[in-house]
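Below: a set of structures, written as structure tokens.
Look for subunit A in each of the two complexes below; its partner is subunit B in the first and subunit C in the second.
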Partner chain A sequence: MTLRELAIRYGFLVLLFGLIAYFAVSADGFASPQSAVFIFQSVAITGILALGVTATLVVGGFDLSIGSVATSAMMAAAYVMVVLEQNAVVAVAACLLIGVIVGLINGFLIVYMRVPDLLATLGMMFLLVGLQRIPTEGRSIATGMTMPDGSVATGKFSANFLALGRHRFDFFIDNLLPASVVVLLVLALLIWFFLEYTRFGRMMYAVGSNPRAAELAGAPVKAYKIWAYVISGVFASIGGILLAARLGRGDIASGNNLLLDSVAAALIGFAVLGASKPNAFGTAIGALFVGVLLQGLTMMNAPYYTQDFVKGAVLVVALVFTFALSHRGKA
Partner chain B sequence: MNITRRILGKMALSLAGATMLMQAPALAQDKPAPFDNPGEVKIALVRYLSTGDFFQAYLSGVEAQAKALGVDLRVLDSRQDAALQADMVDQAIALGVDGIIIQHGLTESMKEAAQRAVDAGIKVVAFDVNVENDKIPQIEQSDRDLARLALEQAIKDNGENWKAGYVYVAGIAPLDRRDETWKEFKAKYPGINEAAMFGTLDNPIANSVANQARSVLSANPDIKVMFAPYDEFAKGVKIAVDEAGLSSDIKIYSADISTSDIAAMREPDSAWAATAATNPAVVGQVSVRALAMLLAGEDPGRQVIVPPTLITQAQLNENDIKNMEELSAKLPQFAHADVAVPAWMPLPAK
Partner chain C sequence: MVENAVFRVEGLRKSFGRIEVLGGVSLDLHAGEVTVLMGANGAGKSTLVKVISGVYARGGGAMKLGGKDFAPATPAEAMRAGVVTVHQNINDGVVADLDVATNLTLDRLSGSGAPAFFNPRRVRREAKIVADRMGLAIDLKSRINDLSLADRQMVAIARAMAHEPKVLILDEPTSSLSSAEASRLFALIDRLRAHGVAILYISHRMSDIRRLADRIVSMRDGKISGVFEEKPLDYEGAVNAMLGRRIHLDRIVVNEAAKTVLAVDGLRIAEGARTISLTLGAGEVVAITGLVGVGKTALAETLFGARASLAGTMALNGRPYAPVTPGDAIAAGVFLVAKDRGENGIVQDFNIYENISLPFLKRLSGLGVLNRGVERATARRQIGELGIVCRTERDEMGTLSGGNQQKVMVARWMSQPANLFILDEPFQGVDISARRDIAAKLRASSGGRATLIFVTELDEALETADRVLVMSEHTIVGEHRNADIDMDRLLAEVAGQPLRGAA
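Here is the complex of A and B:
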């Protein structure tokens, strides 16, 4: 293995460990189990969204609607509990249903209506940003809010639901591991196994690299594509559930920052282990990389605009790794 | 959307022409002209910012006061498009309105549009945007007073020596004004030690700020006071404080308030000790009243400042206040501001 190949394969991981070592030395309190767990927590939501968008990248598509799916799910969860006064199970079910429906519509538009993926999901993004505001006429949802008709919403966020974002499991240290991190790790393992080792996942890669060849080989290309968008929608809605549980209210938000951060994580993932293609392990590392950087910089009192700058720089470097250094850049 | 608005505008224009021909006889009332016949008075609210609870409440205040006066209110919403907002002022001029309220916007894009309206003989007031025009009164919620009230409470609760975390994003006008007060306080009380400054407007803001605040707290576990002069910041800091299990060691002071903020402040052991706020609905009412005074030929003053109210966790708990309506009902100073209220001015029903 030449030096160049080594750099492509392990360069990004070395960079990640270098960063961690640097922050551990220069930022007080960075090198502690709490801090490590917290970095996972800070990337849990964007990480889950990124894993979802990875599924659409695998089939050669793209999903711009994930950010707004997440915030719509957050609003839906708040609406179901605060206004309709239902329990946590109903709220979670409603969110997941929204994810599935949005995924199906996205898939339908792209596969059967032949709308290009970026355009279809862009339309869906705007649609959802508007839709989430209609039931409350643009207000955020919290217990005690006044509804458009003048009545007061008396429902509460159920304790079980809030626990999804706030409960901590004991893991060597008491109250260490937040539920959202567990969800992230479980989903990451699931989608990694699914994409790498199941027939279904491998077929999705085949569809992505050459849909025509896959079709001629007898694969139901359309179904695989629609499934990818459903996975993306469901993951985004799970992100929204965790967001609602953490915030404890339904916050109107476009979710654009969630979208950008998660897409960045997925793209950085291309560079990990020299994969040069969307992959779940890379996405998880990409999300973690951004998380380590941002938390380390914040601990060193770096202002927010330097963080955007650094995020952008990392993405550019990662894309260079993927496209210029690797000969398989066309993937 | 634009096209329909333009068509509507043309229709309204021809309607206005028709009513002018008819000239209904003025009814004898104790209000000064033109409010002796308020149905003939048309005002426009030209908005730059509109999404969010604050702006929703502001609009409801504008609507309530316009209704109390009996005037015809048109709302033009540019949704953060500075160029469109300037066009909308021209639209309002074409509509033949008598008065315009400019709500937020950029000085650069609004200055000339506002001047055109003044030249057309239209009375104009501006809320939270400086259009650099002597003829246009500025409606302001006093951001400096907001910050001062919150910080005075922090001094009262914690003494004059503490380590502070400060949430700030430069370049946002109200936050910059609040920042001036923070700097004054730091100069006045050398015992205040700003250990960390952070902040972001990535949305959802509370979530992003929570992530930052967690890092700040692990780097500076001895912070006693968090000054977060914007409620979304405070909400984020509170999440981080709760997650770090420091609720009883840290106090949060903020500005602004909403129903969900009230719930967060009233949670058991909440670290969110106090907030200073102006009722956005009251600011909306004051905007319309100041414009009405101009239309009646009275002078509301160059600057119309709506004073803020300090709201503490203890007050909320004592009065069992659960939402903004109850806050207005139980803290009268929050529900009404004695600003721009000449004797003839009808007030919205409470």
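Here is the complex of A and C:
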């Protein structure tokens, strides 16, 4: 293996470990289980969204609506519990349903209406950003809020639902592992196994690389594409559930960075292990990378506004790794 | 004749790497004459056109325009010198989002001396002059997007003619036109011929060629294989020169078919075409030959469920067979090695074994989970069977030569037993030894299934098949047992001659 191949394959992992080592030495308290868990928790929601968008990247598409699906799910969960006074199960079911429906509509627009993926999901993004504010006329949802008709919403977030965002499992140390991190790890394992080890995942990669060849190999190409958007929508809605559970209210101002952070994680994932293609493991590492970087910078008292700059720089470097250094990027 | 040649090409050579595509081509074009250039895929026609039009630099030889040396470095230079090319893809010749007037004067928007500001009124005035000269009856304000293919073609040609060229090259201009649209194009070509333009017309369509040709030049394997200019033109001779009739080294032993595998009855694959009926038997290899554009791929895709037929029924092993998708066909044991492997076959991001297992993932997995061990074992077996040159079954496709890539495509579909095995142009872009390997493998493994190959090159059909069927105008016009073939009759059928005794 030449130096160049080694750089392509392991460069990003080396960078990640180097970063961790650097912060461990120079930032007090970085190298502790609590700090590690905090990093995981901070990337849980963007990581889940990134895993979903990875599915659409695999079939050669893109989903810009994930951020707004997540915030729509968050608002829906709050609305169901606070205004409609339903329990946690109904709230979760409503969120997942939103994810499925949005995914189906995205898929339908792209596959049957032939709208380019970026435009279809961009349109869906604007639509959802507006839609989620209509029921409350633009107000955030919390217990005791005044509804447009003057009544007061008396429902509240169920304890079970809040546990999704706040409960911590014991893991060697008491109250260490947050539920959201467990959800992230489970979903990451699921989608990784699905993409790498099942025939459906393999066919999705074939669809993304050469749809005509996949079709002539007997694959229902349109169905695979639509499924990818449904996966993306459902993952985004799960992210929205966790967001609602963490905040305990339907906050119209939250979730602004979700889309860009998760897309960055998925694209950084291209560079991990020299894959040069969307992949679940890389996406997870990509999310972790961003998390480590931000946590480290925060602990070193870097001003908040440098964070976006650093994220952007990392993304650009990762894309250079993918497209300039690898041969396959040229094809 | 030779004296008044407007454009001359002498001993033109061009190689890509070690592969020589043009091996010394000489060609004359005369003012006021339509010279038709015929040649099978890969004969070097497109390369010749690209060298003449300045897209490629020539490797050797000379070109003369009106007695002076002609060596364009760019397409624009060739155009300014008076050699204008209308390429096969119509949309390359026009800008779809602009209106007709802007398209007609597009070439004046750039280059030195072009005004910096866009003046719609001047553009329209200049466009009107161009359109009138060409007898173009299209609203100059309509957008190209809203025009039919034929109208776009007219605009592309008119735009080319705005340079008042001495030489006009048309590369398969009718390949996407209906016959009514084509006749408008022919009228235009007649007018240009009368104006004294030397025209090089590249086509496979015999009806076009009969309508237009003053001379025919046949090309084969990068060389001119025949020039026909005595009236009446010898069309059969031209087809023969283009397809070649070399003595084949390994004369095959013709198999007789056992029981019927596929029975096709009254199948119609194009509007207005005559229907197709044929039967294929177990153990026989049948080749369907015919010029480009006679519906070979359409028939292959119809049998494979990738295209809907207009009428007719099919039966496979006695049971009705009506595939709606390729998935149906694969489930029924009907496999297709599609033509243009880069476009229709290879998944570039996949390695060899992933490419081979692609259509059969369902069979190679349990509960949806892939069994990589079986996939790789299957691939290793197929690599051995077909003699694919590679390091391991995990090699990337990009590292393989064209011939080996094609072997992987054949290996893919031979990794599982088939009832009907269809190959569309399996020898395209394949070197001679890979071609021999594939043909030998096809014949050796043909027992128990019906094998159907679609080829343009006659040699390939004669080297591999037990029976040869001839297609013309989207139907089958002839059938030959591959022993003591009446070559004259076969060539006449390929050239689309009215059949003796047929209505």
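Just so it is clear, the second predicted complex is superposed on the first by the 325 of 331 C-alpha atoms of A that agree within 3 Å, B and C clash if a C-alpha of one lies under 4 Å from a C-alpha of the other, contacts with A are read in each partner's own complex, and residues count from 1 in each chain.
The rule is simple: a residue touches a chain if its C-beta (ideal position, glycine included) is under 8 Å from a C-beta of that chain, and two chains touch if they have at least 3 such contacts.
The shown structure was predicted, so the numbers you read here are calculated from the model rather than taken from an experiment.
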Exercise. Mind checking subunit B and subunit C on superposed subunit A, clash or fit?
Worked result: fit
Exercise. Is A:Gly138 touching the first partner subunit B, the second partner subunit C, both, or neither of them?
Worked result: first
For this session: Check whether A:Gly29 is in contact with subunit B, with subunit C, with both or with neither, and answer first, second, both or neither.
Result: first
Exercise. First (subunit B), second (subunit C), both or neither: which does A:Ala219 touch?
Worked result: second
Exercise. So, A:Ser254: does it touch subunit B (first), subunit C (second), both, or neither?
Worked result: first
Exercise. First (subunit B), second (subunit C), both or neither: which does A:Ser262 touch?
Worked result: neither
Exercise. Of subunit B and subunit C, which one touches more residues of subunit A?
Worked result: B
Exercise. When the two structures are overlaid on chain A, which partner does A:Ser72 contact: first (subunit B), second (subunit C), both, or neither?
Worked result: neither
For this session: Classify the contacts of A:Asn106 with the two partner chains as first (subunit B alone), second (subunit C alone), both, or neither.
Result: neither
For this session: Note down the smallest distance between any C-alpha of subunit B and any C-alpha of subunit C in the overlay, whole angstrom.
Result: 27
Seminar exercise, completed: Per the touch rule above, subunit A residues touching subunit B in the complex are 27-30, 32, 34-35, 38, 41-42, 45, 71, 74, 133, 137-146, 152, 166, 175, 178, 243, 246-249, 251-258, 294-296, 298-301, 303-304, 307
For this session: Can you check the complex and tell me which residues of subunit B touch subunit A?
Result: 50-53, 56, 169, 196-208, 210-212, 214-216, 218-221, 235, 239, 242-243, 245, 258-260, 262-264, 322-326
Exercise. Along subunit A, where are the residues that touch subunit C in the complex?
Worked result: 197-200, 202-203, 205-206, 208-210, 212-220, 277, 327-328, 331
Exercise. Hey, which residues of subunit C end up touching subunit A in the complex?
Worked result: 304, 306, 325-327, 329-331, 336, 338, 343-350, 354, 358-359, 361-362, 364-365, 368-370, 396, 398
